[in-house]
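The two complexes that follow have chain A in common; it is paired with chain B in the first and with chain C in the second.
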Partner chain A sequence: MPGADKEADLTERIEAFLADLKRGGCGTGPIRGSGETARETTALLRKVTAQARWSSAGDLMEIIRKEGRRMTAAQPSETTVGNMVLRVLKIIREEYARSRGSSEETDQQESLHKLLTSGGLSDENFRQHYVHLKANVIEAINELLTELEGTTDNIAMQALEHIHSNEVIMTVGRSRTVEAFLKDAARKRKFHVIVAECAPFCQGHEMATNLSKASIETTVIADAAIFAVMSRVNKVIIGTQTVLANGGLRAVNGTHTVALAARHHSTPLIVCAPMFKLSPQVVITTVVRNRIILSKVNVHCPVFDYVPPELITLFISNIGGNAPSYIYRLMSELYHPEDHDL
Partner chain B sequence: MSSRGGKQKKGNVTSEQEEEEQPLQAVLVADSFNRRFFPISKDQPRALLPLGNVAMIDYTLEFLTSTGVQETFVFCCWMSNKIKDHLLKSKWCRPTSPNVVHIITSDLYRSLGDVLRDVDAKNLVRNDFILVYGDVVSNIDVSQALQEHRHRRKVDKNISVMTMVFKESSPGHKSRCEEDDVIVAMDSKSKRVLHYQKTQGLKKLQFPMNIFQHGSDEFEIRHDLLDCHISICSPQVAELFTDNFDYQTRNDFVRGILVNEEILGNQIHLYVTQDGYGARVSNLQMYDSVSSDMVRRWVYPLTPEANFTDQQGQGCTHSRHNVYRGAEVSLGHGSQMEENVLIGRDTSIGANCHISNSVIGNNCTIGDNVVLDRAHMWNNVHISSNVEIHQSVVCDGAVVKEAVRLNKQCYFSMLPVSQVVIGPNLSLPEGTVVSMHHPEEEEEDDDDEFLSDDQEVGHSKDKTRQKAFNPAEVGPEGKGYIWKASMNDTEDEELAQCLWGLVLNPDPESDSESEASEESQDRSRSVSPEIDDVNAFQLEVLGTLQRGLEENIVCDNLVLEINSLKYAYNITLKEVMQILTRVVLEYPFQQQGTQLTTLQYTGSLLPLLKTWSPVFKNYIKRAQDHLDCLSAVEELFLEQDTHQTAMVKVLMKMYQLEILEEEAILKWFSTGATNDKSRQLRKNQGLQKFIQWLKEAEDESSEEGE
Partner chain C sequence: GTSVVVYMVPQYSSIHIAAVVVSMFSTIICGFLFLLVVKRLPEHVQVDDPAVVKRLAKKLERQQIPLRSDYGYKVSLFSHLHQYSRKAPLTQLLSIPSTVIHPSIVRLGLQYSQGIVAGSNARSVALLHAFKQVIRDYTTPPNEELSRDLVNKLKPYISFLNQCRPLSASMGNAIKYIKKEISNIPSQCKEEEAKTKLLTCIDRYIEEKIVLAAKAISKYAIEKISDGDVILVYGYSSLVNNILCEAFEKSRKFRVIVVDSRPRLEGREALRRLVQRGISCTYVLISALSYILPEVSKVFLGAHALLANGYVMSRVGTSQIALVARTYNVPVLVCCETYKFCERVQTDSFVSNELDDPDDLMVTRKGKTQLENWQDVSSLGLLNLVYDVTPPDFVDLVITDLGMIPCTSVPVVLRVKNLDQ
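Moving on to the complex of A and B:
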């Protein structure tokens, strides 16, 4: 039976992806950037859409939700997976609405007035069957994939607007986005980058090597020296693991220190974050990884910091620069409010 | 042995070519072959004991899968059905699992050696494989070790047979198991092991001179290594175990290889890692430390909240100070979970409790004002109010009543139906073991579960059983038996300490000897320690013959079995014969009781002799064999003096069946008498007549010949 084969193949792919995700955090598995994770998630969801058995948008959404829940549970610290699931759900909603012929605008906008008059959030049941729905959804997911491919380039393109000649720029740890951003700026301008090493994993060292290979003047400093050096810095540019719903960040450990120091010296703090890192979550979990074995000593090694939105000057995403206070708005554009809890 | 060497090499050339396509295989031994966790392990095999609410074998399988193992052979012995059930239900047996798990069960495995011999016999591994126990918890990336191993095998033409994975960790570290402490001398460059010695209980270490002279510039002597019990083995390892049937453990193997290095040319290498975590839960001490390391996230990504077993409802959340909570956990007012606490799903905790460094299973209820510190509670445990538990293991379904205090290193065992109940108002001292199994029950079950290397446990105890629970021990409402404290028995003290791995017997051999001699005093019978082996052998032979009779097995196969038993118990040929004779002659007594009349006895014995005559003929060949056999017959009939008249008939039958030759009988009759009793025996009328007849028959035949 080809149908059964397809389904077995699909579950196999999903299992493999889950297993990868689970091991994603450790040294043994392949360490990937969140961009790659986002692309893989989306590609997998496209496969689910194409191969799973569903007759209406409601069924499909249920399937995607179910798989999404499993995927997010597999690696709770990787929020991109959940974000992509939400994006796909939103796509299905939009395509369904378009098939029905109702305008996207009215369907999507949640105004106080509408809430009061309509009674429930939505009485839509997504049960009607449309022939072209599948093709349309897959088409839209393909568009999303293309968008994901180009995110880093889109962000890097804006570099020249933010980095000027002879500036001193500080960054912390290693972020692929920031690296691309700085390298792009270095094609036209000369500037100096100070990298905080981000002990104990010291991703900063790798960052510094990569930057100096692109002939950018680079200095590595210890994390303890961040405040001392901050007075010389013109701009702080950092990456992040997740952008939270309130405009705060969940970023690599040490970022909060940098942000506080920047605030003290009134240095602008710019966050390079592609849109797929925007998460409707506000929860904070710390992930702890330990490396050294000692007895009779408790070693705590949190991996992520929470940075409150007040400390952030500007977000640079693939669709342009935004203030932290505008994040909620982007959120409602990207995800449907009913989907926020998977 | 050396003749096999040539064959091995040939076999491996082909396997090397196939190397690339072959999936990575692993052999997982889901049995400990010792009784460190007794009596918990009586109801639950060790591999299924929960560590952080997940069975230990799942950690091992996850470790193997994450290193890229695609095919795992799980060998189970003790309670193999439970392990099988567990695995079939787990995600490893789903069709999508990247790691195909094969379960192989047999009750005959007694050691790691037996398992590997079986691997060889069934020809399971075709390539390098990873060998682990079912209680190893690790996140070490062995792929590099694997690469090094393969590289070495390519360069050195299959000289390296095994690479052991060790982790650097300072001596005295809590996740180092004292029993496994080793001192290793190795070549710094090639990482080849030159000398390997367990240090436990040793005050002096000796190194052979040749390790300093073997020609390398640099070598290291290291004691800062933690044995992760992960080894990468070549297929040769299984063959070597087959060739050397006396290898029981990996330790035997390593020593054997190092001793015979010059003859066989095999080498063992070491892989030392600094990153990662790897430890084997080999006793309760290790259980405690591995469990706490896991909660403290040393084994990342194998953390409680990762739910890597992918079971429904097993997930939990992780919050600050390493507090993990499963679904539907309720926590009373004023209760504190200080740090490193894992609470399973559907557990409810009362008010004003203080919990730190503890693991609590699913479906537990905990009352008010409870203090838990370093407690390990499994599923369905019920704890009443005002209880204090320190550093203890409370197993499935145990009930602890009000105001009980469990001091360090207590542990309760479990039984599926009726559970241990403790208290109220009781304080258990350190090192107490409470179980629903009576300590003395143990012996009867020994036959089927005697898997232990630690033979000191439970040999002889009187069989009087107390059925009543002792309220002084387990409290007025208590149910269960104290295993150690009240008995004041050296054996059990040792057992309890063994459980926690604190005091370890320096030399198991001398220990078993002293045990045996103690035992013999109990029975007021003088036996030497070796007698045990002989006795065991005798029992086995009896069993074999019995089975042979019931199932109508061909005598050739019986001979084969007895031969293999002979090797297993290390019995000389002479002893085999004597025991065989004795067993056969005693067989009617065994079957029908000792009250047989002589007539009945001979009636049942003679057909048996006829059936088993090929077995006898196989062993009785030389003249000396005949005499030995006869002396065994004599010895038996001296003991059974009421049946002495039967002896003639037996001898006659054996003569007729051509088991015994007449010269031998005559020689025995004339020379064998050494003491009064045997002289008495020879004066027996029947025997006299028989001999007379024999002599005449001989004369006749010689006359005829002329």
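Moving on to the complex of A and C:
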């Protein structure tokens, strides 16, 4: 039966995706960048919407939540997966509301009057069936996919607004977003980049070779020299793994030291992060890898660092530049508060 | 000049002429005094000045010591410093047998440039032992005085060692002491007697300034270690290791976190020695500092030199540790012997530093060496700094053999030492 084939194909793809996510956690990093993961997740969710059996928006949201829980359980540190699930859930809610005829704005505003008169959240149970809901949702997910494909270019386009000539810029480790950002600015301006290598995996080396191939003056330094050279740095531009709801970061190991050194020298710290990295989590559990206990020695190798929002000057995302204090508002536009706990 | 003035302007009285002559002489004398008071800038921080480089090349040629050439692309901020490669030691350029340089000095130079002898205490002690051997083998040539000739003999050795690896502050102070002792040998002293005297002086210097100083510092430092402490150390400092081992002997209960950094990875040596004694240790890289610091109760750091403006010159990464410790309100204690105190002043890590072999930064991960062909890419540079300076506001206490002092009291100690001498 064609339906059963499609379902089998769908479950196969989901299983392959979960296996990839799990494998990404064991090696020296995820197999694909977070942008790719976001696009894969969204494409998969679109397939689920198209091929799974559901009759009302509530059923669809249940299915998506179930798949989302499985995907986040496979690799808890890869937050983009969870973020995309939340975006799709928000899309479903919006399309449902549009089909019902109520405008989006009154739904979003939680005015005191509405809270008093509506008597709670129970009036929305998403049980009604609308004929065009499926098509609308798939179209909206396609728009989301287009947005995801253009994020790196959108961020890179803003590069010339932030980098002037003969600057010395410091960056840490390897970030594809920052690489595109700097290469775009290098087409028109001459500046110098210092890359901290980020032991033990030394992703900074790859970043340095890529930047120098684009004829940018690059210097590789060891992690220990970050504070020593910070006095000659004009700006620090970094990428991150996740942007948290309070405006803080969960970034690669060593970023907190860079942020503290930048604050000591009053150097601006700029974070280039696309919107799909924004996560509603606030509580951080640092992921510790390779906790080897040799006969008498404990070795710690944490993967991520928490950077508090006070140390960050600016976020550059695909929708423009924002201060860390504005992040909570952007979050309320992207995700619905009821979905925050999958 | 005076007669010309008198001839040219006969209407001026002799008083005016005398005034002019006196002012001329006083400017000349002031010039001399200026040159005496202000020290000449050392050559190894003026590599970007071609006149200085030429002067050094001439001096080395006179002393028959080969000139070492720089290696690799130097980052523009550091074009005033040398950058050597470990694969091209100076000893390869020497002719065998070398008539000018004593063999123990040649061996020492090779040990320095290959990193076999590293750490300021180890280097100073090795230097003093090599000089003892030189003195034992020395014979005064006829019609020469020992006090003058021996000092002249030592000059090419010092240039050679400087070419192998720039001298540390502790080595500089040791050399100053030896030269002073040699020049103070009375001329009527017989050669054997003079040599024995010098050998005992050197032994006493090592005993007082290094061994006994370490014992005194341990005594003070152990007062600062309490039971249940979690102590953080960075890299390998012989003094800090000594303190921890002695504290452990005195049955203090504590555990140690060893922080290490690429490319030298000296912390592994410290870890090995501490674990051998039975101290429970944790090992992290410097990028994990923010993760591990909330557990730490004290930070003990070693120093390469203490500068006269209170800045601590130490292995690169020390200032970072002090910065993050200050953010988490963890006390930072620096342990340093007084013979490492230095009259120089410095405010950043750029004006005077050492650049190590840039090839050390290369690493192979998963069978791939990213930076393998870094020399071929014109816009890529590798920077391997050896030292950095920590500002005094990050350091809470300095433990020396004279007691526990704040960082800002370093010039006071220097003045007291100068008065003693």
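The criterion applied here is as follows: the second predicted complex is superposed on the first by the 323 of 342 C-alpha atoms of A that agree within 3 Å, B and C clash if a C-alpha of one lies under 4 Å from a C-alpha of the other, contacts with A are read in each partner's own complex, and residues count from 1 in each chain.
FYI, contacts are C-beta pairs under 8 Å (C-beta built on N, C-alpha and C of every residue); 3 or more make two chains touch, one makes a residue touch a chain.
What you see is a predicted model, and the numbers here were worked out from it, not measured in a lab.
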Should A:Lys66 be classified as contacting the first partner (chain B), the second (chain C), both, or neither? neither
If we overlay the two complexes on their shared chain A, which of chain B and chain C does A:Asn298 touch? Say first, second, both or neither. both
Is A:Arg100 contacted by the first partner chain B, the second partner chain C, both or neither? neither
Comparing the two partners chain B and chain C, which touches a greater set of residues in chain A: C
Mind working out whether A:Gly254 is in touch with chain B, chain C, both or neither, as first, second, both or neither? second
Can A:Ala16 be said to touch chain B (first), chain C (second), both, or neither? first
Where does A:Ala8 make contact in the superposed view: on chain B (first), on chain C (second), on both, or on neither? first
A:Pro76 contacts which: chain B (first), chain C (second), both, neither? first
Both chain B and chain C touch chain A at residues 28, 286, 296, 298-299
Any idea which chain B residues touch chain A in the complex? 65-67, 94-98, 139, 141, 143, 167, 169-170, 172-175, 275-277, 296-298, 300-301, 305-308, 310, 315, 317-320, 322, 339
Which residues of chain A touch chain C in their complex? 28, 197-202, 205-206, 208-209, 212-213, 215-229, 231-232, 253-254, 256-257, 260-261, 264, 286, 296-302, 305-306
Residues of chain C touching chain A in the complex: 75, 77, 261-263, 271, 275, 280-292, 315-317, 319-320, 323-324, 327, 348-350, 361, 363, 365-366, 370-371, 374, 377, 379-385, 388-389
How about chain A: which of its residues touch chain B in the complex? 8, 11-12, 14-16, 18-19, 22-29, 73-74, 76, 285-286, 288-291, 293-296, 298-299
